[in-house]
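Quick notes on the structure that follows.
For reference, chains read A, B, C and D in written order, and residue numbers begin at 1 within each chain.
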Amino acid sequence: MTRIAVLGATGYTAVELIKILLRHPNTEITALTSREDTRCVGEVHQSLAGRLGLYLENLTPEQIADRAECVFCCLPHTASAKVVPALLARGVKVIDLGADYRLDSPSVFEKWYDSPHPDAARLGQVPYGLPELFRSRIKESPLVANPGCYPTSAILPLTPLVKAGLIEPEGIIIDSKSGVSGAGRKPKQTSLYVECNESIAAYGVGTHRHLPEIEQIISKGSGRAVQVIFTPHLTPMDRGILSTIYSVPAKPLTQDEVLDTLRAFYKDEPFVRIVEHLPATKDVSGTNFVHISARLVGNRVITFSVIDNLLKGASGAAVQNFNLMFGYEETTALV
Amino acid sequence: MTRIAVLGATGYTAVELIKILLRHPNTEITALTSREDTRCVGEVHQSLAGRLGLYLENLTPEQIADRAECVFCCLPHTASAKVVPALLARGVKVIDLGADYRLDSPSVFEKWYDSPHPDAARLGQVPYGLPELFRSRIKESPLVANPGCYPTSAILPLTPLVKAGLIEPEGIIIDSKSGVSGAGRKPKQTSLYVECNESIAAYGVGTHRHLPEIEQIISKGSGRAVQVIFTPHLTPMDRGILSTIYSVPAKPLTQDEVLDTLRAFYKDEPFVRIVEHLPATKDVSGTNFVHISARLVGNRVITFSVIDNLLKGASGAAVQNFNLMFGYEETTALV
Amino acid sequence: MTRIAVLGATGYTAVELIKILLRHPNTEITALTSREDTRCVGEVHQSLAGRLGLYLENLTPEQIADRAECVFCCLPHTASAKVVPALLARGVKVIDLGADYRLDSPSVFEKWYDSPHPDAARLGQVPYGLPELFRSRIKESPLVANPGCYPTSAILPLTPLVKAGLIEPEGIIIDSKSGVSGAGRKPKQTSLYVECNESIAAYGVGTHRHLPEIEQIISKGSGRAVQVIFTPHLTPMDRGILSTIYSVPAKPLTQDEVLDTLRAFYKDEPFVRIVEHLPATKDVSGTNFVHISARLVGNRVITFSVIDNLLKGASGAAVQNFNLMFGYEETTALV
Amino acid sequence: MTRIAVLGATGYTAVELIKILLRHPNTEITALTSREDTRCVGEVHQSLAGRLGLYLENLTPEQIADRAECVFCCLPHTASAKVVPALLARGVKVIDLGADYRLDSPSVFEKWYDSPHPDAARLGQVPYGLPELFRSRIKESPLVANPGCYPTSAILPLTPLVKAGLIEPEGIIIDSKSGVSGAGRKPKQTSLYVECNESIAAYGVGTHRHLPEIEQIISKGSGRAVQVIFTPHLTPMDRGILSTIYSVPAKPLTQDEVLDTLRAFYKDEPFVRIVEHLPATKDVSGTNFVHISARLVGNRVITFSVIDNLLKGASGAAVQNFNLMFGYEETTALV
């Protein structure tokens, strides 16, 4: 039984995480934190009513370390990096669902997040929590940087194709469509029902913080310097990301070669499925699965990938990493 | 050409009102106000981009009276009542889309709105802006209290039946389902997309401020003291209200008698339709129409009424009242 | 390991059932049937792609009995009753998710389902699969009639209150709001996205087939003859049912008495939660839980209950019954 | 007063068309046709209940010509081309909302629509009903080919940029997101609420019939041979199309040059707005407007355009063409 603390328990990734952990035979949730909210978690998230009696608390790293062997951080950027050193120093393992440890370079972090990094020395040493690419490092590390939702949907289809030399590493266009839960639970006009419903629009064109993450990880995973254009869109649905990705073939190839390369790369992966049909976000909604397909049209390779942004794009991946870090079966509580 | 000012131009009722007025051949919008927002209205409401060049302004009643012959107030409660006296004193006609002048009794207002009424002496003299019941008074009044959205959906089907003595005036149950736009445009957690989407729940059971309004107006319109139970529900859609209303027959009657009584009562009304089928909110979405039907089941009369809460439930009714007050054809810009 | 067949595997209840069974440690799905579809189940339901290799087959009861110890029937009415006798005769246990064995009276069945019952002699002997009311009989029976979705949402809040004599057994009004998945997966105009989205309407008023089921089971569960008015509404969401239920107090009582009576009745139930707040369908979406609350307003007891119509209202309840019938822990694969 | 017939009056474009025509001061609807449905139009479309008393009829071209001076065809492909010659021969003007007269080449039509063209000789002579590009020809023609919805959203932003030599005419990627109403009102599983809701997916990749139309019209409008990749996506909303379009600059340029070129091209157009912000489909929902914006990112010009697929993408454009063909003010009934 591993004792678990969830830091920042008021949001959408936290409630999904808690639901998975309640299904997990080897975990016990012992602390939930919030800086301001002190209600019972069943009031903060009505879906947990009667399922978990914990109250939210404002705890120090020391108090957290006394209660938990593993900490999941669901915190705004820079907030994780302020508590992670103290937690690691006390022997607690950490999975950071935020962005603090995803980028390798402190200056790149500072440029995209408008803030100096509070734990800059550690950058570059933290494995990126995508088991499909970095499983062995994840198993051995006390700290894992859980991937961003959009990056997961882009990195998984692209890395094998770039690595195999099937597509050019430059001029890749990632047109992503995400459900609204990705915008978080903080009240703001752009997240209101009436603003989002019955409407689709692009946002953050050329400026979204997941862009450098995507480029860094595909480059690292494939061994080639990758440059992408990334256009996220807010789509009227709770959850799900579809990334439609356009790339240029690096040599003459067929659609089957593309699909076979993906199949071979992911043949032993428990959560990745290469499918013939065009995948819909609903196919993986509520699951930790990734469905990927591809088409060859007009001298472009078009790949399609779908994930549930709150699960494989956040809390599901986090538990997958947790299972690896603590020696549990990788799929526990996830299928 | 009537010059128009809209007070409180940042919300959903205001943008719908402006769109109707832009179609109206006899109106010119000359002022839009906000206490805080000073942007061009096409930025505040992207749907108006390039259609209206006005900027939002923080104006005094005097400045407003210099610019407009008619004022539509889309303000929070008590805010209208603070400016209406000064506007009327300067000969400006006012249609208040808020709740300030709907109730006749200052003490009832204070009880339900937790606030003393700033213009209490005027209560009881202002016609309720439902032309189907109070057309002649609306035509003659410089101030009209535009109805609440739920009340419109409940008063129209119930008043003829109570008045005709077909149903008992007590024990009426109004189970209403509303789209989320009724909750306004101010950011709050309960109005977020992810909170509302894929979910339905009751709220304000026994405490909703439209309850005394419903009882007062049906009582006044029918001449009998009416008592209702009102249960509003937040429904995952932008707009629309369906009220399913259960009442007890006051004498043996048939379904056709109920429908015929409604048909006779509304036979000359341009916006009320008595239909045989069970109406859906979408049937009247984007229009000023009301569809009403009825069933007789298990010794209960069940009436069904649908409106667009932002149009017949707010801005459409407001323009219908405006047309009456200024001598324009009642349906102008509304069909 | 119990071998399972699912009859009628193309619809929404079937895919939910299969997903639960894939999580169940003690089941193996060995047959999926369809009269017409012969595709792999991962093509019929893209969410199962790569998770289950079975093809749909048109099988006789004999063939099914060779392959399975337990059969779940997801078939149209009368179709189950045509195969159940043969399955039972071969020692197979059956959970019927359809309506064939819910009503006790062949004539009532024939009246509401416009068809004589193919296995009339068995009616009245089959336990109704609501463990909260009939657990001991379910455990011992080779055949269980899984409840309808609306009935589950109405029976659970009402039975304890009628039984305790808190509310009158007559004049009960059940105003229910259901997601569209309840209408099934067969293409018809009224189930199209554009017809249902952004709209709510009542349907089947006074004629819905769940009405006699609700009355029969509450009467049986409470020992008093119950009569209800039942108004279902189609709500723009995938899944979820909210029933808002109005009843008349049988004696002076308080809101707390109502809540306490419900709490006492369900205190040991793993899936029923009595909550203080007004429950939303989303609170239980994707789960087997039922949330119930109550208010006392204007001499009416108003109870609110929410379920996921595909889970506690269908496939979740079916697996709960399966667990009881085969001696597994009742909550297995359901939390 | 122009007498109007609508052929194929059961679908979504027809009901939108009828609603616009009911607002039009110079039209009278005199005939509505269907091959099978003979109900009153207010039953076929509940939103028209009590607004129009016509019944659907199965009429010959001769009967239609007796009743109408203008015919709008809302028919499946090849059905229009079978009646148009007879209508034109009788002096009736025709606006075809289908695809029959959009392509210039009979062989291209046959290739993409799997059917020989019933009126092949007329192809190449019919103006494409996009007034922004072909206004003068539309005014003079008795027959106009109303544009497809996706093509409108792609042609308007691209043509000025290709024509001005700002972007390369090859390698253009059009990633389009459409609401479900584009799939029509015929019941099919892929259009069901539960299939579409909470999900987004691509479809028709490389095979959608709007592809040759887009290429033909931009080529014709710009004078350069254009080649595009077109990826439509089904988005969970009733209406609206967003096209996110990626093209390669043909020379060094700035974002302002792109926007200014678009502004200059459309400066006198009543329905096209070039906006600075990223447009959302909701901004133009229920209107005949087009909002277009652009960004310059990573050596790509990204243009964004939004329309209401049922209005500017179908019935709104049809009335705009009608107004031009009959000498009415172009914006009549459309603002």
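Keep this in mind: a residue touches a chain if its C-beta (ideal position, glycine included) is under 8 Å from a C-beta of that chain, and two chains touch if they have at least 3 such contacts.
These figures come from a predicted structure and were not determined experimentally.
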Pair of chains joined by more contacts [C-beta pairs], A-C or A-D: A-D
Farthest chain from chain C, going by mean C-alpha coordinates, please. D
I'd like the Å distance between the centres of chain C and chain D, where a centre is the mean of that chain's Cα atoms. 45
Distance from chain D to chain A - Cα centre to Cα centre, in angstrom: 40
Chain A and chain C have mean C-alpha positions lying a whole-number Å distance apart equal to 36
Residues of chain A that touch at least two other chains are 195, 197-198, 236-238, 279-280, 282-283, 285
Spell out the residues on chain A that touch chain C in their complex, using ranges where they run on. 22-23, 43, 46-47, 49-50, 198, 273, 275, 277, 279-280, 282-287, 291, 335
Mind listing the chain A positions that touch chain D in their complex? 173, 175, 177, 179, 195, 197-203, 205-206, 227-229, 231, 233, 235-240, 242, 244, 246, 278-283, 285, 295, 297-298, 300, 302, 304, 306
Spell out the residues on chain C that touch chain D in their complex, using ranges where they run on. 12, 180-181, 185, 187-189, 191-198, 236-238
